[in-house]
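There are two complexes below, and they share subunit A, which is joined by subunit B in the first and by subunit C in the second.
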Partner chain A sequence: MRQVKFILALWKANIQAAMEFRAAFFTQVIFMMINNGVYFIFWVLYFDKFNAVRGWDINTMMLLFGIAASAWGIGAFFFGNFISLAEVIVGGRLDYYLSLPRPVLLHVLASKSIGSGMGDLIYGIGSFMLSGYFTPDGTLRFLLGVFAGVCIFIGFLVIVQSLSFWLGNTVALSQFALSALLTFSLYPSVLFDATTKFILLTIIPAALIGTIPAEFVREFSWQSAIQMVSGSLVFLFLSIFIFKLGLKRYESGSAIQVEV
Partner chain B sequence: MKKYLSILSMQIINNIAYPGDFLGRSISIATFIFIFAGLWGTTFMIANTDVINGLTFPNMVWYFMMAETLELGRPRINRTISEQVKNGEVAYILNKPYNFLLYHFSAGLGDGAVRMTLNLIVGSIVAWILAGAPPPLLGWLMAFVTLIGAWILHFCFMALIGLAAFVVEETNSFELIYQKLVFILGGFLFPIDMFPTWLQNISYALPFPYMMYAPARLFVKPDVDLFWRMLGGQVFWVAVFVFLLAFVYQRSEKYLTVNGG
Partner chain C sequence: MSSIEVNNLQKTFQTKRKAAGMRGSLRALFKPEYTSIEAVRGLSFHMEAGELLGFIGPNGAGKSTTIKILTGILHPSSGDAKVLGFVPWKERQKLAYHIGTVFGQRPQLWYHLPAIDTFMLFGKIYELDDRETKKRIAFLSEAFEIQDLLETPVRKLSLGQRMRCEVAASLLHRPKLLLLDEPSIGLDVVAKQHIRDAIKRMAQEENVGVLLTSHDAGDLEALCRRVIIVNHGQIVYEDKVSNLKRKFLTRKMVEVRYAEEVSPNFSIDGVEILKVGSYGVKLRFDTTKTPVDQVMSHLSQAGELVDITVSDPPLEEVIAKIYQDAQPGMRT
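This part shows the complex of A and B:
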């Protein structure tokens, strides 16, 4: 309960900060929605020409985009530092969080909010509503899929960026991991062979963010549910474990930092 | 001219100073080509054909390799300019004995030359493994010539977006929209040959195909008529945007307020 109050206070502070520059915030939100919409034109053109690929059509793609965009949006807006954790570690900026009596990882992640994430979230919900799967049970499955997506996005990127504790600067590696995860999650894994599918379920768990939740929303199956739930729990707990392990090796540069 | 060459060479040295980062960037192109080859391999198989709108599967993979080389190598100077405008650094640069835009042009070219070369090497290896031998020499030549015009057009757009920081706080959103317009109307994700006719007409009336489709398409299917058409289009759009950029830059200087310090 104490941690819930803490995180709600952080989110409130982030929203208040965004509202200080509300014109810039709303510009980011609107432009991100337009950006996603323009990107989706590719699939409109593709399915206009080829109708369907291995059971995937334009509606399924809207569903996949809905889940992936919502998951990314929630991560970016509410836990914005999950994409810049390596920079925080390498820059010695953990000192500030370590000196406070709150869970370090949670505090770091929720201390930053990326305004455009709200645009992704709104776009994702809109895309889901237009996909043809917007039914009461479909919505429940969508929410579960998005939740799993958030856990995997955050868990996977925290693991990769925590390598900075051992390897030093992993900003380039983290950017690659982010780019690969995001790109693969926006393509149905039916396009790839068995080996690649296995990679997309494990090493780069993009299928657990896009394809599996989309198939789960289309039709309930225990297999998809177990894959999603177990995958998200494994990545989440593994990320906490690895971050804590790495934290023991953290060395401060004693630099004077100002956290805003 | 000598000072701009020095800026260019300095940027090249900066880029190769960190080999890990340098190689890390090149892995991205391998990933993207792999995904794209998966998509089009499956599409050709399901369509049960070797040719779609005049392009074969190897054509598609090599097309994407060239397009991705340009996309990942294009200058991101909008972010630098925008930051310099917002944090006031621009005031220190303006009093230096070089032209602000030519400085960024040289720095961006140094940056882009290294990135594009590396992307071309890594991308070619991956494309060769996935789709077989590369296009003929004429394709490489036509692509190289049109890459120059494409790169200058990208530079003009990026500089215009960066200079927008003089009037608006947030410019990253403009870059995202610009990028997606190039992705779609420039034929990055989907070659223009596959568009419906009405969209092809819209696309050709805009500068985007000359920034992406031109080098990629000429690379895989060298065609003399298309080459001159694309080159003509590039010359026209470069003239338009260089003029526009010079005009916007002049106006932007008037917006500049320096508070000392």
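This part shows the complex of A and C:
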């Protein structure tokens, strides 16, 4: 409960900071929604020619986009530093969080809000509602799928970026990992061969963000549920463990910083 | 009772070495070389509860690294330290409830928000209830004279105004110990005085211990009773500020002004003439080598004195002298 109150206070501060630049915030939200819509046009044109690909039709694609965009949006809006953790570590900016009496990782992640994330979230919810799976039990499964997606996005990127504690500057590596995860999460993994599918379930766990949750919402199966829940927990706990281990090697720095 | 106990503290950083240019970059890529830098070398000291301790030294002396170890930000390579009974790097969260920190180069106030919003956020972070937080903000804003600044976005405050808000924020949760790392960096004389007065007041009223690192000897003179001087990660001097002044302030500066034009002969052994004019002169001499009365008698014989000023050299000069003479391990 203590940490919940703390997180709510941080989110409040983030929203207050975003409202200092209202026009910029709303512009980001609107343009991100348009951006996602334009990207989806590719699939509209594709399914206009072919009705389905390996059992996936336009509705399932809308569902997949809905889950992935919502998961990304929640991560970016509420835990925005999960994208820039490597820069925080390398720049010695953990000092601020380490001098306050709260869990460092949670504090860092929730201290930044990316306005465009709200655009992703609104788009994701809209996409799900139009996908044809917007039923009471479909919505519950959607929420579970989005929760798994948030955990995988954050957990995977925290692990990759925590390598900065050992390897120094991993900002470029983190951006590569982020692009790979995001790109593959927006494709159904049924399109790929067995080896690629294995990679997408483990090394770059994009299938756990897009395909598996979408299949789970489409039709309940224990296999999908177990894959999602166990995958989320493994990445989440592994990320906390690796970050804490790395924190002992943190070297700070003398760069000038500000909290925005 | 000690608030800080440090024994044989060491911190070594591994730094990658790279020769200049593209060839150096390629060599470093395939055959990286590392150098060990000992930022803190066997530091031992203690600080009493409620004490005002200055921790000074030149750039790279290990001041900030020591403060970061004492707040739990960095893990030491070896050695022991206890701050308010806690081992900082093992009990960071518990310790953080009892200390306040200000890093002059690392603001803690949210840049785009008014300071009052960060104060309220800090209230939540330190688990104060809203009523208590507001009461404390009212008290601190009066003590630091920031009542009119609280609702202005931090980005629009001057550096001096912002630093007053920073120090006030660090005292929100009534810490027993305040660790200030270069709190006056970049401030003008008036802003420095504001900060010093407010810190002094808080230290007296709430019995807050203050460990202060600074480049500014004025901070030391205004705030601290005891001083530790570090260089190359080691303590080179440790004593009361008053003793430091007595031992190292043996050089005096004398400036005199005469009623009429004079052409005195000031060639006294051991006296350095800094400035000479038709109506006055400025001298510097070492009192242990040249008696004061000898200098004064020379000056008074030269003409009718209308003004005389005797002053100590600035503390910066004193510290520079200690740095020049200092050998590691020198303590009083």
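Everything below uses one rule, namely that the second predicted complex is superposed on the first by the 257 of 260 C-alpha atoms of A that agree within 3 Å, B and C clash if a C-alpha of one lies under 4 Å from a C-alpha of the other, contacts with A are read in each partner's own complex, and residues count from 1 in each chain.
Note that in this section a contact is a pair of C-beta atoms (placed from the backbone, for glycine too) under 8 Å apart; a residue touches a chain by one contact, two chains touch by 3 or more.
Owing to the predicted nature of the structure, the values given are computational and were not obtained by experimental measurement.
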In the superposed arrangement, does A:184 touch subunit B (first), subunit C (second), both or neither?
first
With both complexes superposed on chain A, which partner does A:2 reach: first (subunit B), second (subunit C), both or neither?
second
Output check: A:42 vs subunit B and subunit C. Expected answer is one of first, second, both, neither. What do you get?
first
Between subunit B (first) and subunit C (second), which, if any, makes contact with A:13: first, second, both or neither?
second
Quick one: is A:21 in contact with subunit B, with subunit C, with both, or with neither? Answer first, second, both or neither.
both
Quick one: is A:34 in contact with subunit B, with subunit C, with both, or with neither? Answer first, second, both or neither.
first
Touching A:250, do we find subunit B (first), subunit C (second), both, or neither?
second
Now for A:101: first (subunit B), second (subunit C), both, or neither, which partner does it touch?
second
I'd like to check the shared interface: which positions of subunit A are touched by both subunit B and subunit C across the two complexes?
21
If you look only at subunit C, which of its residues touch subunit A in the complex?
13, 16, 64-65, 68, 71-75, 92-97, 101, 103, 105-113, 117-118, 120-121, 124-127, 153
Show me the residue ranges of subunit A that touch subunit C in the complex, using the header's touch definition.
2, 5-6, 9-10, 12-13, 16-17, 20-21, 93-96, 98-103, 168, 248-252, 254, 256-260
Which residues, counting only subunit B, touch subunit A once they are in their complex?
20-21, 24-25, 27-28, 31-32, 34-35, 38-39, 41-43, 46-47, 168-170, 172-174, 176-177, 179-181, 183-184, 189-190, 194-196, 199
As the complex stands, subunit A meets subunit B at residues 21, 23-24, 27-28, 30-32, 34-35, 38-39, 41-42, 45-46, 48-50, 53-54, 116, 171-173, 175-176, 179-180, 183-184, 187, 190-193, 196
